[in-house]
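Listed after this line are the structures, all set down as structure tokens.
Each of the next two complexes has chain A plus one more chain, namely chain B in the first and chain C in the second.
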Partner chain A sequence: MNYPVIRGAAYALIHAPNLLLAQGSTQTMERAKHPDSEYLSKLPQHLRSFEAAVNYAPNQAYIGNLLPDELNNIAKPWYDNPIEGSTQGKFGEIMDETLFYALIKISDSFDLVMLEQSFTEELKARLASHPLFAHQASLLKDGDDLADIEKRIREHGAQELHMDGKLVGCIKRAHDWDVNLNSHTMLENLVVKASGVLALKNLIAKNGISADEIEYIIECSEEACGDVNQRGGGNFAKSIGEVCACTNATGSDLRGFCAAPAHALVQAAALVQAGIYKNVAVVAGGATAKLGMNGKDHVAKGMPALEDMLGGFAVLIGENDGVNPIIRTDVVGRHNIGRGSAPQAVIEALVTDPLDKVGMKITDIDKYSVEMQNPEITVPAGAGDVPTANYKMIAALGVKRGDIERQQLADFVKEHGMPGFAPTQGHIPSGAPFIGHARDLMLAGNMQRVMIIGKGSLFLGRMTNLFDGVSFVIEANTGKVSATAGDTDAVKKVVAEAMRQVAQSLLEEE
Partner chain B sequence: MKDKKFVILGDRDGVPGPAIEECLKSFGGEVLFSTTECFV
Partner chain C sequence: MDLENQARIKELAEKHGPENLVVILGGAEAEASGLAAETVSNGDPTYAGPLSGVQLGLPAYHIFEDAIKSLVDPQVYDDQISMMEMVLDVDEIIKEVSTYREQYRKF
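== the complex of A and B ==
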């Protein structure tokens, strides 16, 4: 079987404290219910500086400058033990909110983003010095009068954009009455688009990929774009590809809550293996609503509001080149409708069922990339250490099956797991954050096999109580590439020609 | 558990509501409300 390969993976983080304050769902709901709450008054004092976000070890692991396992060597809490970080990572970058406002503006096709004139001048200079966006600085145009921006906010319900305590711009509604085009939704959707652009641009730039090689884009975040007649009509994928000059690509949006990236990667692999497209990019932008989601607990415990990062990622799936790690499309797990939601049933469906199909044990997988939420964010909020809980469940199933001994359970968690290092951005931590590290380790010959697991809380949409999950295995490339369909056809033609010649010579002899 | 009434708050990454529901029903408990929440 000629498996598709992972040609590259890129990761983007945006430090967004102003969006957290103004548009994070915990904050917007609190403002509506308790505008004078203690939480809202205290929250600004718990916001981190950009420098603190860059030097935060889990963020450096996310953009590829640190292996997740190396976090075990850094004293906790990580926010009190900064490392020397960089905005540039092996797999991507961390961007500040000021520059991200520029990305939102250049991602805006309908003149919905207004930025103040002097702020625009500042952004132009900064964007002109960014290697991936310098050629797009003119898209910022000349900016708007502050008085016009204030009027849009006051009289037309535009969303405010702040920086350093000052109003610097706004995002307008795209329709006077359409709830799906109101200013809040337009802001969330433009953030998805702009952060997806940042991830896809990094994928192209840092992996020697040409934008016009990409034939299809699957966007797999958690927002929906459309108007009142088609709430989730789409299409983030194509809009992101347009900004990134992927002129040969079309695309579509795939949704499945936090499981969407795993679904998207399986589908991208299938499209490539079937020969429908040669190169498929899977892209996801970030979730504005989840900024500061657990902020009340963080503030109550005297911690920084750590959910100040928007996340994005992009992965390119291509034809087998004999080098890059393969996606084992014959080792795919799925949580089917009839399976039930008991934790054991879920882990069996996602982990042991696919492994059993090819006779592997759970110990044949070097690392499991589950939902890699940073525990420093989730534990204080009472949600526990999600990756470790998943590893314990996999290990317990391994004990039950006889793959490991009971006393090996703790070692299994340590050896086959890793600390969570991704921001709590829903789909962003779900399996995908380790793909870049896994590819690197496999290319260096230091890892053989990884399982990517994505899980989704479908019940949040109130359409079903069902849970969801998908998994697949990535494996180091053996270098053996099967004959392609084209090669097989050529061989058949040569054989047919030879047969014709034999038949002709036999006829001539008669 | 028998004949007791229950309100269930399940965790998507721990034990989800429907699983707790099944356990309690098997003991003869009555489930008044069951939900599963996602904290991530």
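== the complex of A and C ==
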């Protein structure tokens, strides 16, 4: 079988404390219910500086400067033990909020973003020195008067954009009455688009890819764009591709809660293997609503509000080049509708069912990339260490099946797992964060096989109580590329001719 | 505890009478399971949901507790629960849930 390959993976983080305060759903709900709450008054003192976010070890692991396993060598809590980080990573970058406002502006096709004039001048200078966006600095235009911005907020319900305690701009509504085009939704959607752009631009720049090679884009985040007549009409994918000059691409949006990236990657692999498109990019932007989601617990426990990062990623799937790691499209797990939602059934469906198909044991997978949420964020909020819980479940299933002994359970977790390192942005931590590291390790000959697992809690949409999940295996490329489509056609013709001859001889015998 | 689940439990208690209800928990973590047991007996300690200040006094058990486990078909338990029993801190979860249950149950 001619498997498709992972040609590159890129990861973007944006430090967004002002968006956390103004737009995170925990904060907006608290403001609506208890505007004078202790939490809201304390929260600003728990925000991190950009420097602290850059030097936070899990963020460095996310952009590729540190292997997730290396986090085991850093004392906890990681927020109290900063490392020497960089904004530039092997797989991507960490951007500050000021520059990100510029990205939102250049991603805006409908003049919805207003930025104050002097702030715009500052942004122009900064954008002009960014290697990926310098040529787009003129898209910032001249900026707006502060008085006009204030009027838009006061009289037309525009969303405020703040920096260092000052109002620097706003995002307008795109329609007076349409709830799907109101200013809140437009802000969330523009953030998805801009963070997706940052990830896709990094994918192209850091992997020697030409933007016009990409023929299809699948966007797999968790927001929906559309108007009152089609809430999720789309199309983030094409809008992101437009900003990134992917002139030969079309695309579409795929949704599946946190499982969406795994669904998208499997579909991208299928499109390439079928020969429909040569190169398919899977892209996701970040979730504004999830900023500060567990902030109440973090503040109550005297920690920094660690959910101040918007995440994004982009992965390019291409035809087998004999070099890059392959996606084993014959080792795909799916949580089917009839399976039931017990954790045991879910893990069987996603882990052991696909491995059984090809006669592999759970120990044949070097590393499992599950829901890679950073435990430092989730444990204080009572949600436990999500990756470790997943590894224990896989190991326990292995014990039940006889793949490993019960006393090997802890060792399995250590050897085949890794610490969580991704921000709690729903779809962002789900399986995809390790693809870049896995590709690197496989290209260097240091890893053979990884399983990517994405799981989704569909009950949140109130349409079904079913659980969901999809998994697939990435494997080091052996260098052997099987017969081309043309060769296969020739073989098929020979077989068909032989069959015809057999049929003819049978008829003659009759 | 999820606000919607609080509303459901409150409604069920009003409809069937709290003396006729037992809550079975499946939480994966001791603190969260204890919080749920507290919420359905002594009221929502976070004062966020419909059970704020409402002391239903319902007894809550975790599915891992023998009192409940022994009522389940062993094959079903093995298929649905046994793997998680291997993974989670069963003793800690039971300790937390039973502490709140014995402290606040009215029935």
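FYI, the second predicted complex is superposed on the first by the 486 of 510 C-alpha atoms of A that agree within 3 Å, B and C clash if a C-alpha of one lies under 4 Å from a C-alpha of the other, contacts with A are read in each partner's own complex, and residues count from 1 in each chain.
Everything that follows uses one rule, which is that a contact is a pair of C-beta atoms (placed from the backbone, for glycine too) under 8 Å apart; a residue touches a chain by one contact, two chains touch by 3 or more.
Keep in mind that what you see is a predicted model, and the values were worked out from it rather than measured.
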With both complexes overlaid on chain A, does A:P343 touch chain B (first), chain C (second), both or neither? both
Quick check on the superposed pair: does A:F459 touch chain B, chain C, both, or neither? Answer first, second, both or neither. first
Between chain B (first) and chain C (second), which, if any, makes contact with A:F467: first, second, both or neither? first
Tell me the contact category for A:A396 with respect to chain B and chain C: first, second, both or neither. second
Taking the superposition on A as described, I'd like to know which of chain B and chain C A:H135 touches: first, second, both or neither. neither
Just to be sure I read the superposition right, which of the two partners does A:R500 touch: chain B = first, chain C = second, or both, or neither? neither
May I ask you to decide whether A:E371 touches chain B, chain C, both, or neither, giving the answer as first, second, both or neither? first
Between chain B and chain C, which makes contact with more of the residues in chain A? B
Touching A:K151, do we find chain B (first), chain C (second), both, or neither? neither
Return first, second, both or neither, reflecting whether A:N294 touches chain B, chain C, both chains, or no partner chain. first
Residues of chain A that sit at the chain B interface in one complex and at the chain C interface in the other, please. 340, 342-343, 382-384, 389
The answer for chain A against chain B in the complex is residues 258, 294, 340-343, 371, 373, 378, 381-384, 386, 389-390, 424, 426, 429, 455, 457, 459-460, 465, 467
Within the complex, which stretch of chain B touches chain A? 11-19, 22, 36, 38-40
Complex contact set, residues of chain A against chain C: 340, 342-345, 347, 382-384, 389, 392-393, 395-397, 399-400, 406, 409
Within their complex, chain C touches chain A through residues 28-29, 31-32, 35, 79-84, 86-87
